[in-house]
Each structure stands twice: as structure tokens, then as C-alpha cells.
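Next up, some structures in C-alpha cells.
Common to both upcoming complexes is chain A, partnered first by chain B, then by chain C.
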Partner chain A sequence: MNDSNALLTVQNVKKYFKGTKGCQVKAVDDVSFAVAKGETLGLVGESGCGKSTLGRTVLNLVNATEGGVIYEGRDILKLPQTEMRMLRKKLQMVFQNPYSSLNPRMTVLEAVRAPLDIFGIGTKEERFERSRDILKYVGLDEYQMYRYPHEFSGGQRQRIVIARAIISEPDFVVCDEPVSALDVSVRAQVLNLMQDIQKERGVAYLFISHDLSVVKHISDRIAVMYLGKIVEISPRETLYDQPGHPYTQALLSAIPIPDTDIVRERIILKGDLPSPMNPPAGCRFHTRCRFAVEECRMKEPKMRFDESGHGVACHRWKE
Partner chain B sequence: MEDNVLLQVSHLRTQFETKEGIIPAVDDISFTVERGQVLGIVGESGCGKSVTSMSILKLIEKYNGRILAGSSVKLEGRELLGLSEAEMCNIRGREIAMIFQDPMTSLNPVFTIERQMVETIVRHKKIGRKAAHSTAVEWLAKVGIPEPEKRIKEYPHQLSGGMRQRVIIAIALSCDPKLLIADEPTTALDVTIQAQILDLLRKLKDEVNAAIILITHDMGVVAEMADHILVMYAGRALEYGTKQQIFRNPRHPYTKGLLASIPRMDRQEERLFSIEGNVPNLLKPVEGCVFRERCGYAREACGSCRPELLSLPDESRVSCLLYEKEAKESAHE
Partner chain C sequence: MDKIKKENVQNSFWRNTVQKFMKHRVAMFSLLFLTVEILAVILLPLLMDLDPYTTNAGCFSMAPDERFLLGTDDVGRDVFSRLVYGGRVSIMVGFVSALLSAVIGIPLGLLAGYYGGVIRMVIMRLVDIFMSFPAMIIQLVLVTVLGASAASVMLVIGLLGWTGFARLTYSKVISVKEQEYVEAARASGATNLRQMFQYILPNSLAPLFVQFSFSVASAILQESGLSFLGLGVPVPTASWGNMIYSAQSLSTLVYRPWMWVPAGTILVATVLSINFIGDGLRDALDPKMKL
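Coming up: the complex of A and B.
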């Protein structure tokens, strides 16, 4: 992807958390990528790899240690708080847990109208109408507007959260595990809704999930994270057909397929995820990698791209 | 054939009495588990799959649940539901072991792994502490824990999630149970760790020749592990068959919808199939079929009587009026 159609560019972002006794957790360590207008970038990785921290850092919800996020020609990580707040109507977020991300004392109408109230968009009547329309759009009836969150199921709540995120017509929404708390049959409803919204409103998503099959379904491009770093980034088809990084290969082969006729070779990774307090030197994956050689223990691999835009951070890629 | 039946559950009904009313969490479930086989019970949250397993072990009363008269759970022909608490204590852990979903909460944080393992082994196998210690170390090695002699002295918080689940599996299998109930054993784990644990369960199952009831919401996991599958929905059994029957030729509209609504790794679809609506509220008694309101094939008859679990010619079972004719034909043969 060239930079001219980039909506948002993330440049060398780092987020270190201070631990006890002076040690640091490098939750996000030198990550760069760009998101185009109206595309979905999937971000996958296992728990503790830093994907949620990255999502929050990109939206300036936690202060980055280093790096920048360029949106409309400005580095939003350096904006004063008042300006950042106004920009939030264009940069929104959907969290994983639809039970804790709605205020139990606000009716659904109030919750969804809140962004319009805060940003001072429209007259009182217009705000009401827009809230009613958007709730209808995500599948809620008018009589349900005055109800409280506890009266809704998990799937309905996540629709309400999505309605609240898109009511201010954002360009970019970070979705942090938006369907992980939902049951399979309800998950499909919410994924379809998110795709419809994107088609009709042209919003871009950073879709964070640990579930590779969901990410594959919804994303145009996918980035794979391991211990604070992006190890591979590529268009969807390439990632699933020709995974370049040994970690991506293992991750893909580990997913059980709901079909009894497909037999695959499985790569079982040895051991556990190393502690992010003390990540291995060189390539961070070398302790669990099938192909690791001396170079991998010594030198950290840089992300290399081929002409199709497929990037892999591995010394032995394409050998 | 009959001799092979290890566990026979018939007409199991478990209810919870709450302030709002009675919840029929498990409503007339019957199934059998054969020796050495894996039965997968699948369903979405709240469908009653965990309550089923807790009822088998008679652990449900602690949660204000009540198993109704007429229910039966037989292990090798012996009725479990009539046993006293003391007798059940000899069954739990010894004959039937259980692995719970969350490896973070199923070990006691203030005792070492050694103490928790040895306690179980001494209690059930009636052997000395020394012998129990070596059995424990042996099992830790079998489940793939490096340096078992050293790790056995550690406390649960010193182990990762995957390691803890291995310890729990070791405890469960160390008394040679005939049946292992695994309730979402890998749900709390990452996919690469899940792959390790499933691989381990498969290997150990052959080694100890135990039967497994695997409870999960993940169709991928059952496709890989199970021999037979029971599909539950809102407390009822909707379909039962071999793994191949369920995946190649799902019969019940719910099973069909469930399989179609999962994003697939092996193909790309523009749009997912989605089952409209939500799971019914069990506080309101359901007339007729529980899936009726979300079903594309629902007819008037679906609302009037509850469909039986019909036996089909290929020995699978389905609880749906669409298959009445097919079932009658098989009954005539």
C-alpha cells in the first residue's frame, strides 16, 4: 500500500510499562503500519502479545513511550488534550466486553446519543432522530430505546456499542475483540453488521482478535503480532496461502477446522510464550522456532517486504 | 455391544429454582458413552452442557440445582443418582474425573502442586505418600512438564496457564479414571497452547483407555477430538450422531445454521450465514420445539408438541418434525 491513500499511519510506536525493580515490559516495541480508507486491518496474536495495548496506543488512550500516529497530516500523539478530544469523533473504539462498556444507569438512547451531546452535533431534535435512526439501523426497535443495558442480550449490547461508535461518523474504529464474548450464532450477526457499516459508510477498522478464522473472514490485510512486535503483515489471501513467518505457520496450523474431511499437518510449538519482561535476544521467536539458526539468536530480524506488499520479519524468509 | 457401555444417562432433568422462577437447565437428556470413546457435547452458552456434567457428578446441589425424579445416570450399570455423598466421594476423582475450564481457579493457590497431587492419589489409590509422590512425578512427566521433580515443589502461580492445565490433567488421570469429563478444557488457552493440550489428551486417552466427555462450544475442537457428538440447545438435545454424520450431513436446522455461521479457515465467504434472533428465555416455559422461533422451517405443528428425539435409519438421532417420515420408515424395517 502506498502512503498517499493511507488514512492513518503508525510510525515506530513503542509502549513500555514500568515494572517492579526497574524492569520494563515492552508491550509494544517499534511497530509501524498504515491503514487505508475504508479497509479492515486485522491484528492477531495470542494473549499478552501487546495487540490491545497497540490498539489503545494508536488512539492515544494510553501515552506512547515513543513514535507517532499520523492522521490528516498531524501526529495525534502530540496533540494537546482538548484538540485530541475533538478528534475522537473521527477515531472511535469498540471494546470486547459489551457488559462493561455500557453505563448501567443510562438508557440505550442516552448512551448512543452521548457522542453527539459531547461533540455538540445538531439540535436536540436532530440528535434524537439520529440516535433513533442508528439504533434502528443496528436492529433495535423504537420501543427498546428507553430500556437499560441489563435488559439486552450480549449480542444486542454489542450492537448498541457499535451504534454509539459510529454515530459521530468516524473514519477509523479500533475494534478490540468485538465478538469474542459472543456465542457463535450471534457472532455472525454482529460480523455481518460490521461489514454492512463499512460498505455503506466507508469506515476503516483495526480489528483486533485472537481468533484467526474471524480475522480472516473480515479483514483485507492482516498483521500478526508476537511479543510486542509485528512479525508478518500481508494481504489476507497471501497470509493464509503462503504464511512467511514460522510463527504464523504454527498459528494457522493450530486452529481446529470444523470439518472431518480435512486432514492437515500440524505444527505444534514447543514451550510457552517467553516473558515480555525479558524477551529473548535476537529474534524473539527463536526459542520456539523450528528453523532457528545462530543468526536468529544474535540479530533481530528487520521487516522485509516483497513486491506484493507481503512483509515478514524473519532472517530465513524465502530461503 | 451392551458391555461396551460405560455411562448411560437417561431422561436427565435438572432445574434451578430462582427468585424469578424455575429454570429447566437440562430438560430430558439421554445419551450413552462407550469405553474408550470421546463424546463431544456442543452448544452455546446457557444450553445446559456444563449443568449436564455437574449433574452426572452430583455436584449440582451446591449451586441450588435439583435433579428431578425419573432421571438416571448409570456408570457400568450402577445407578449414581441414589448414592450417598460419601459414596459419591469415592466415585469422583476415582471412577469419574473432571477437568474444568479455568486452569487459574481449579488449583488451590496456597498449596504446592505436590500436596494437591499426593492428596488425591493417597485418597483414592490407598497407597503411601512416598509411592504417591513417585506416581505424581511420573504423571507430570507424562503430561509434558519439564523437570517434574523440581516443578512439583512449586505453587500454581509459578506455572503458566498451559502448564497449570497440564497439572490438572495429570491430577485427573493419576487415579486411572474410567471416565474423564473435560468441560471446555482449552477455552481459556491460546491456540498454540490449545493444540498442545488437545494433542496430549488424544495421546493419553489411548494410553489409559478412558472414555472422555468433551464439553465445548468450539465446533473445530469437537471435529478434531470426538467420535460422537450431542448438540444441545436451551437445555434439550437436538441432534446426536457420529462426528461424520454431524459434519457431513447435519440434519437439525440449528446444527445446520451453527455450522454455516462459523467463519472458515479453508474457504472465504462474502457473508456469513446468521441465525436470526436470540436463545429463548428459559424462565418462560417453551411450548413445542425450543428452536422454533429462530427456525426457517418452522410450521404450525412445531408450536404444539415437543418433538421427540427420533431415531433415523443411519442410527443418528434428531429432534425435529422434518424427519418424522424418515424415522417412521426406519421403525418399520
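Coming up: the complex of A and C.
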């Protein structure tokens, strides 16, 4: 993807957390990617690889150690607080746990209306009507508007959270594992709602998940993260058909297939995830990689792209 | 439309709390007692001919009879009238001082907890400094400087009582501010003030109600303590504290109990019942507590 139609460009973002005794956790280490208008970029990786931190850093909810996020020609990580706040109208977030991301002391109406109240959009009546309409859109009845979050199921709450995220008509929404806490039966419902919203409103998603099937269902492009770095990024079909990075191959081989007749070769990774406090030198994946050679231990691989926009950070790609 | 609103607007958290509180018998009884008492001190002077100030010539230190329900004090004033009017003063001092403490302490605790860093350092060390002084001594000095009056007593008690509110608010805020809905509010663009007052404070209130009730009881006690030492609400204005003051004279203590026993009793009963209400509130607000 070229930069001209990029909605949001993330450039060399790093987020290091300071630990005790001068230790540093490199949660996000030099990550770059771009999101186009109206597309869904899936972000997958195992627990603790820095997915959520990346999502929060992109929205400037945690301060980045280094790097920039370009939106509308400006680096939002360097904006003063007040200007950043005004931009949040256009950059929203959906959280993982719908049980904790709604204020228990606010009714559903108040929660959904909050972004309008914050930015002073419209008159009181207009705000009310927009909130009511958007709640109807996500499938809540009018009589439920005055209830409190704890009176709703997980799926309903997540739909409320989504309504809150889209009411200010954002261009870009970071979805941090939005369906991980939901039952499988409700999951599809929420995912379909998110896709409908995207079709109708042209909002772009950064969809963070550890569930490869979910990401495959919803994403246009997918980025794979390992130990704070993006190791592969590509259009959805390419990634699932021709995974380039050995880590992606291992991940994909772990997706369960709902058919007992198909026997597939499982790639079992050796060892444990190295500590992000002290990541391996060279390629971070070399300790667990079945193709690792001397070069991988010495030199960190750079992301290389082929003509289809498929990027892989591996020395031995296409060998 | 309005009907829908009314049916659904009840917050069931508070409904549950009220239900649990009502099951707490001692607290309910205390609440009843306190309500009756407050109504009495407000309404009795309107309904009855009470005069706490006139010194009835020739009726000094009289034992209770049909004319003076609880007798007269050593300058001939009606003890019952003074008890009622003193109740007004003592209860008001209790509530106003506690309110003042809350109004100072809660915002400071909120600021310290929300911002952390230097702001927390300054505020919490200030709390430590205030707490390290013996409150009674400071109160004595301040009342002496300000001049004894009901207003200065309220001010002095309120000004020294905020530290408990600040500490409690602080400790609650540092846990509530890490909740995801606060981050969600920030992600939605909420200002710091909005995050503090619309998201964090409403979710930190439960223990503060309890603190408030204990604070009222403590302020009533402090007022009577100051009055007992002659530095509280000055005569001729009646307060329970300065009525007990009369028991400083040994002959009154021993031979004329009607002058101080009613005030002492009602003071103890009031403070106890407020504390019981606080206990009941604490249990009712604790979601893990099954009553």
C-alpha cells in the first residue's frame, strides 16, 4: 500500500517500560505500518507480544518512547494535550472487556452520549436522538436506554461500547480484542455488526486479536506480531495461503479445523517465549525457529516487501 | 416516554444498598431515633413555648417539676428548652463541620490520587503534617484566636477533620482510576476534570458516606469537648457541650443531676446512633457482604 491513501501511518513506534534496576521491557520495538481509509488491519500475536500496548500507543493513550503516528498530516504523538483531545473524536477505541469498560454509575444513554457531551456536538435534543438512533442501530431498544450496564449481557454491553465508539463518527477505531470475552454465539453477531458499520460509515479498524479465525473473518490485511515486532504483514489471502514467516506458519498450523478427516502437519514451536526484558539478539525468533541459521543469530532481519505488498521480516524468506 | 424512564431509572445498586441497610436492625433503629430527634429539635420550639434564655428569678437550680420539665440551671433557665435549642446547635455543628471536612478533603484526595507525582507528594505530606498535630490543642488555640462562637467551632473542627476524607478518597481513587472505563473515557476525549468528577468520584463514593457519618459523630463530640472546656459555643447560646460544662462544679455533679444528665445522655445516644448508621452503611455498601 502506498502512503497516499493511508489514513494513519505508524512510523518506527517504540514503547519501552521501565522496570526495576534499570531493566527495560521493550513491549513495542520499532513498529511501522499504515492503515488505509475504511480497511481493517488485523493484528495477531500471542499473549504478551505487545499487541494491546501497540494499540494504545497508536492512540496516544500511553506515551510512546519514540516514533510517530501521522494522521491528517500531523504527528499525533507530538500534539499538545488539548489538540490531541480534540482529535479523539476521530480516533476511538473498543476495549476487550465489556464488563469493565463501561462506567457502572452511568446509564447506557449517558455512556453512549458521552463523546457528544464531551465535544459539545449538537443541542441536547439532537444528542439524545443520535444516541437513541445509534443504540437502535446496534440492536438495543429504547426502553433499555435508562438501564445501567450491569443489567446487560456481555454481547449487549459490547454493542453499547461499539455504539459509544462510533457515535462521534470516527475515521479510525482501535478494537482491542473486542470479542475475546464473548461467547462464541455472540461473537459472530458483534463481528457482523462491526463489518456493517464499516461498510456504511467507512471507518478503518485496527483489529487486535489472538484468535486467527476471527482475524481471518474480519480483516483486509493482517499483521503478525512477535515479541514487540511486526514479523509479517500482508493481504489476508496471501497470509493464509502463503505465510512467509516461520512464526506465522506455526501460528496458522495451530488453527483447529472442524473436520476430523483432514490431517495436517502441526508445527510445534520449541521452547518458551523469551523474556521481552532481554530479547534474543539478531532475529528475535531464532531461538524457536526451525530454519534458523548463523545469520539469524547475528543480524536482525529487515522487513522486505514483494510487489503484492506482502512484507516479511525474515532472512530466509523465499529461499 | 416518561413512564419508561421512571420505571427503569432506579439504579439497582442503590436499591440493593437500601434493602440491605433496612435489614440492619440496629442501624434502622438508630436512623429512626436520629430522625425523630432532628424533627424534635426543629419542630418543638415551634409547637411549644420554649424559652432557653430567660433567667427565671427565684427559680435557680430547681429540681424538675410541672413547670420546668427538667428543672432549671444555676441561673434559672429552663433545662428542657436549653436541651432542645442545644440540640439544634450541636447537631448543626456536627453536620456542618463534617460537610466542611468533606468539601476540603474529597477534592484534595481526588487530585492527589488522579495526578500522582508532585501533586500527590504535596497533598499527602500536608495530610501527614495535619495528622501529626494533636487536634485538640490546635482547636483550643484556634478558637481562642478566632473567638468562641458556633461558627468558629464549626470552622475549626471542619478545617482539622479533612485529612481522613483526603486519605480515604486518595486510596479509593488510585484503584478506581486504573479501571478500564476511565481509560475508555480518556480515549473518548474526556478532560481530566470530567474523568475525575464523572467517572472516578461516583465510583469512589461508597466509603466516603461511611466516613461522613463517623465524621458527624466525631464533630459533635469535639464540639462538646470544646464547650466542656469553656471554648466551644459560648453561653448564653445553649449546646449540649456547654450544658455538660455545668457538671464541672462538684455540687452540681453530685446533687443536681438534672442539669447535665439529660444533655449527656442525649449526646451519647446521638453519637452512638450516628456510628451505628455508619456501620450499617458500611455493611450495606459492601457488595460482598450478604445480610
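Just so we're on the same page, the second predicted complex is superposed on the first by the 319 of 319 C-alpha atoms of A that agree within 3 Å, B and C clash if a C-alpha of one lies under 4 Å from a C-alpha of the other, contacts with A are read in each partner's own complex, and residues count from 1 in each chain.
Operating definition for what follows: contacts are C-beta pairs under 8 Å (C-beta built on N, C-alpha and C of every residue); 3 or more make two chains touch, one makes a residue touch a chain.
Predicted, not measured: the structure shown is a model, and the values here were computed from it.
Chemist: Will chain C clash with chain B on chain A after the two structures are superposed, or do they fit?
Modeler: fit
Chemist: Name the contact category of A:A114: first (chain B only), second (chain C only), both, or neither.
Modeler: A:A114 contacts chain C only, not chain B.
Chemist: Put down the vertex angle at chain A formed with chain B and chain C, C-alpha centres only, nearest 10°.
Modeler: So the angle at the centre of chain A is 80 degrees.
Chemist: With the two complexes superposed on chain A, say which partner A:N192 touches: chain B (first), chain C (second), both, or neither.
Modeler: first
Chemist: Could you look at A:Y143 and tell me whether it touches chain B, chain C, both or neither (first, second, both, neither)?
Modeler: In the superposed model, A:Y143 contacts chain C only, not chain B.
Chemist: Mind working out whether A:N103 is in touch with chain B, chain C, both or neither, as first, second, both or neither?
Modeler: The answer is second: A:N103 touches chain C but not chain B.
Chemist: Could you say whether A:M93 touches chain B, chain C, both of them, or neither, answering first, second, both or neither?
Modeler: A:M93 sits against chain C, while chain B stays out of touch.
Chemist: Looking at the superposed set of three chains, what is the minimum CA distance between chain B and chain C in Å?
Modeler: 9
Chemist: Intersection of chain A residues contacting chain B with those contacting chain C?
Modeler: Touching chain B and chain C on chain A: no residues.
Chemist: Provide the residue numbers of chain A that touch chain C in the complex, in ascending order.
Modeler: The contact residues of chain A facing chain C are 59, 61, 85-86, 88-89, 92-93, 95-97, 100-107, 114-115, 118-119, 142-144, 146-148, 150-151, 161, 164-165, 168.
Chemist: Which part of chain A faces chain B closely enough to touch in the complex?
Modeler: 46-47, 153, 155-156, 183-189, 191-192, 195, 210, 212-214, 216-218, 236-237, 240, 250-262, 266, 268-269, 272-273
Chemist: Which chain C residues qualify as touching chain A in the complex?
Modeler: Interface residues on the chain C side: 4-5, 8-9, 11-13, 179-181, 183-191, 194, 198-199, 202-203.
Chemist: Could you pull out which chain B residues touch chain A in their complex?
Modeler: Touching chain A: residues 44-45, 160, 162-163, 190-196, 198-199, 217-224, 243-244, 247-248, 257-259, 261-266, 268-269, 271-276, 278-279 of chain B.
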